[in-house]
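Sharing a structure here in structure tokens format.
Chain lettering (A, B, C and D) follows the sequence in which the chains are written, and residue indices restart at 1 in each chain.
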Amino acid sequence: MDAATYSIGLVVVAIGLIVGFAAIIREKDDLHRILLTDLAEVLALVVIALVATDLAEALILPGLVVGISELMAVSEVYIAKEGLKAPEGPPFHIEVMDSAPGILALILVAYGIVLSGFTGGAVAAVGAVFYFMCRGHAEQFELIETVSGYAWAIWIAAFFVFMFLPAYWFFGVMMAGGAILIKVMAKMSLVGTMRRGGPNV
Amino acid sequence: MFNLPTTNIGGQELFVLEFGDIVAYFSPYTTALFVFALIFTALAIVSRPEKQMDIAFGGDAYYAKVVDPELMRFQRFMAIACGLATLGAMVTGDVFNFTLFASLVGITNIGIVAAYRNRHVLNAAFQYGIVAMLATVPLFGGAAIVVASTGTLSMWELFTGAVAVPLIAKAFLVLGVMGEGMAPFYVAKAEITRAQGAPFILMVHVSSLLLFLRVAEIVISM
Amino acid sequence: MKKQTALIAGLAAGGIGVAAGILAAAGYLPVWAAEILAVVTFPAFVIFIALWWNAKSGEEDIPFIGY
Amino acid sequence: MIEYLLFATFIGLLFHGIHRKVIARVQGRPGPPIWQEILHTLKFSFKETWIPKTASQTLFVAVVFVAIGIWSGALFILLSGGSLLLLFAVYLLHKIVEHGMGLSSGSPYGKFGAIRSVISAASELPLLATVAVIYLFTGSLSIADIAAYQQVHGPLLILAFPAAAAMYLVILSKMHYGPFSIIEAKEIVSGNMTEHFGVWRAGLEVGFALKTYVLLYAFVLLFIGPLPLGLALLLMLLVLISLSFVCAVTPMLSPYDTVTIQSLVTGALVIYIIVLGVVMG
């Protein structure tokens, strides 16, 4: 990216930041402030993204992970602080959740596998979370955790292939791609179903 | 390959530790900070929290507070994680890694403070959490501007005289670290008397002071 | 802590510190290493020597503690 | 090595005694003899010692070791002409010792001392500004380089007077009985040292004596230049006596006032740095 575009981008980010920070200062409701801080944090990622090199792409992911974990930590504090409990009463329920969980989840997971890698994992995870939302998830946790653990081990093993047997790089890529797909999917399903058990995800 | 160009700030480079392209370096300065973080991480691992006494001012009444072992374990875990993140931040030779470690310190600090179930403490933790999250914006922003304007994040490149780092990036880095390391002030908002677990609460101070010291070195050297 | 233990620890720390200083002066040890040794041993020396000379030897009176 | 540490401890304790004597004389009292603090430390070391039942035991003891350790380290940094930034680091780490002392005992008075210590974090800022000014002048943070610079260009006390004033304020805020010593104010008994008695207190006194020695010596070394030991000690004594005068005639400030004053000084120094930056290009 040339310098002119970069500076235009920076100006846009600066405007966004000013708007975001002004909103945070004016906002009094704690829940809204959490949401606004997350918006401001996305702008930090935008600043990194503006660099627009391979390096920047590699930096966004850890930045995103740290951002999400901070968001989760603050949300947990918010829940504890307000003494919030799981809601009583009927959970979210619409017709499609009875009629088509299997087929929709299958399509999403299959498409995720086709995409593979991080993006694929995310798409497949949406499918898995949707399935659990519809059918409930009482005992699947241990299984998911186990699968996730093995996927992680395979992922690491793939890195060793890159390091010590560079000639087999294609095999390493396939191992890493498949493993990260399963890993991201497993992790996101866990996150998606984390706070409350039972059918009302 | 690695030769620290600024020997007049943190001292001569002693040795580097390479993990692939992730390189940590030890100069007398970073080593001293590293050792200090190590000492206090070890203390957080081995020492048990104090049994807090509370007095009614103006009278003779005092009572001991009870420690919830579950929360204490969580707090200790967070304190150790915080120590490890600090250790990383002290010796890393990469600006972006430094910012990552700094925000990690921020998260674990929230955890340490939030592990005490008291409304006032939780309120302070929440406010601090918001500040810590906002601080990631200048923190990552600073690192991004560094890489955009110089094309590198390696401190060996950045510390040479030939590479000019814009002032705004330095200011952003300092601002970010100050935001992440604000925890002691929030804890100090009279809540420290309520929050328990001295070795763990102390880790909050250790990490933020050490982060501040490290960023001072980085910014002066750049 | 036993009186004996404190004395041994204190003397050992002091001994190491002094030995490091002498070795550095004689050129057998780099100065920075001697300094680090001194920094590590000096606190131990101070504390353990003090603990040694205030430790009970076992023949004191029982202090009056009732009011 | 260790003999120099013992010497510094001795001189530091003697300085504490002189400090008390001068304050007393300024206030028209006879005051204790000047070796009182040495006797004091010895007395504490002979007292019966244990660890309070409520304390976090490991931390309670470890903090004493750390206090002596960091200041012995600081002394060697000064002597070997190491990094000024490292000295600044030791000064900040002393804050951790203060926190740890107060927090580890479980006593509410100790905790209040620790809180005040957190609040008075502003006392570190003038030192950072001082470091920055010195760097602007000498282009190096190695103490040896700074000493060499002064031998060529004359003492920094004249060249960079505001920085010296800020450093003076920093030392003042760590002096006993001073306007900034809110962490050991008597309304909270002995602040964060309340529960450290016997050998632990003696150890802390040793650490603090080293601290006084190091800070005064650093002031002389950084702003006047390398001198023979006798002359340096004399100048340190003069600085100390001037500090004692300030301590004797000023009341202890309220915690928030200390922060205000220290922040104002830092602000003034930042303006000075900016002006310097513009002037020196």
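What we mean here is this: contacts are C-beta pairs under 8 Å (C-beta built on N, C-alpha and C of every residue); 3 or more make two chains touch, one makes a residue touch a chain.
Note that the coordinates shown come from a computational prediction; the quantities given were computed from them, not determined experimentally.
Enquirer: Using mean CA coordinates as chain centres, what's the gap between chain A and chain B in Å?
Expert: A distance of 26 Å separates the two centres.
Enquirer: Chain A to chain C: how many Å between their CA centres?
Expert: 56
Enquirer: Please tell me the distance, in whole Å, between the geometric centres of chain A and chain D computed from their C-alpha atoms.
Expert: 49
Enquirer: Check each residue of chain A and list the ones that touch at least two other chains.
Expert: Not one residue of chain A touches more than one other chain, so the list is empty.
Enquirer: Quick one: which residues in chain C touch 2 or more of the other chains?
Expert: Expected reply: no residues.
Enquirer: Indicate the residues of chain B shared as contacts by at least two other chains.
Expert: In chain B, nothing touches at least two other chains.
Enquirer: Quick check of your reading of the touch definition: is the inter-chain graph here a line, ring, star, complete or other?
Expert: Drawn as a graph, the chains make an open path, so a line.
Enquirer: What are the touching chain pairs in this one?
Expert: Those chain pairs satisfying the definition are A-B, B-D, C-D.
Enquirer: Using the touch definition from the top, list the residues of chain B that touch chain D in their complex.
Expert: Residues 7-11, 28-29, 32-33, 36, 39-40, 43, 46-55, 64, 184-185, 187-188, 190, 192-193, 198-199, 201-202, 205-206, 209, 212-213, 216-217, 220 of chain B touch chain D in their complex.
Enquirer: In the complex of these two chains, what residues of chain C are touching chain D?
Expert: Residues of chain C touching chain D: 14, 17-18, 20-21, 24, 31-32, 34-35, 37-47, 50-51, 53-54.
Enquirer: Can you tell me which positions in chain A touch chain B when the two form their complex?
Expert: Touch residues, chain A against chain B: 6, 17, 21, 24, 30, 33-34, 37-38, 40-41, 43-45, 47-48, 50-51, 53, 55-56, 59, 62-63, 66-67, 69-71, 73-74, 76-78, 80-81.
Enquirer: Considering only the defined contacts, which chain D positions touch chain C in the complex?
Expert: 1-3, 5, 45-49, 64-69, 72-73, 76, 80, 198-199, 202-203, 206
Enquirer: Quick check on the complex: what are the chain D residues that touch chain B?
Expert: The touching residues are 53-60, 62, 66, 70, 73, 82-83, 85-86, 88-89, 92-93, 95-96, 99-100, 103-108, 111-112, 114-115, 118-119, 121, 128, 131-132, 135, 139-142, 145.
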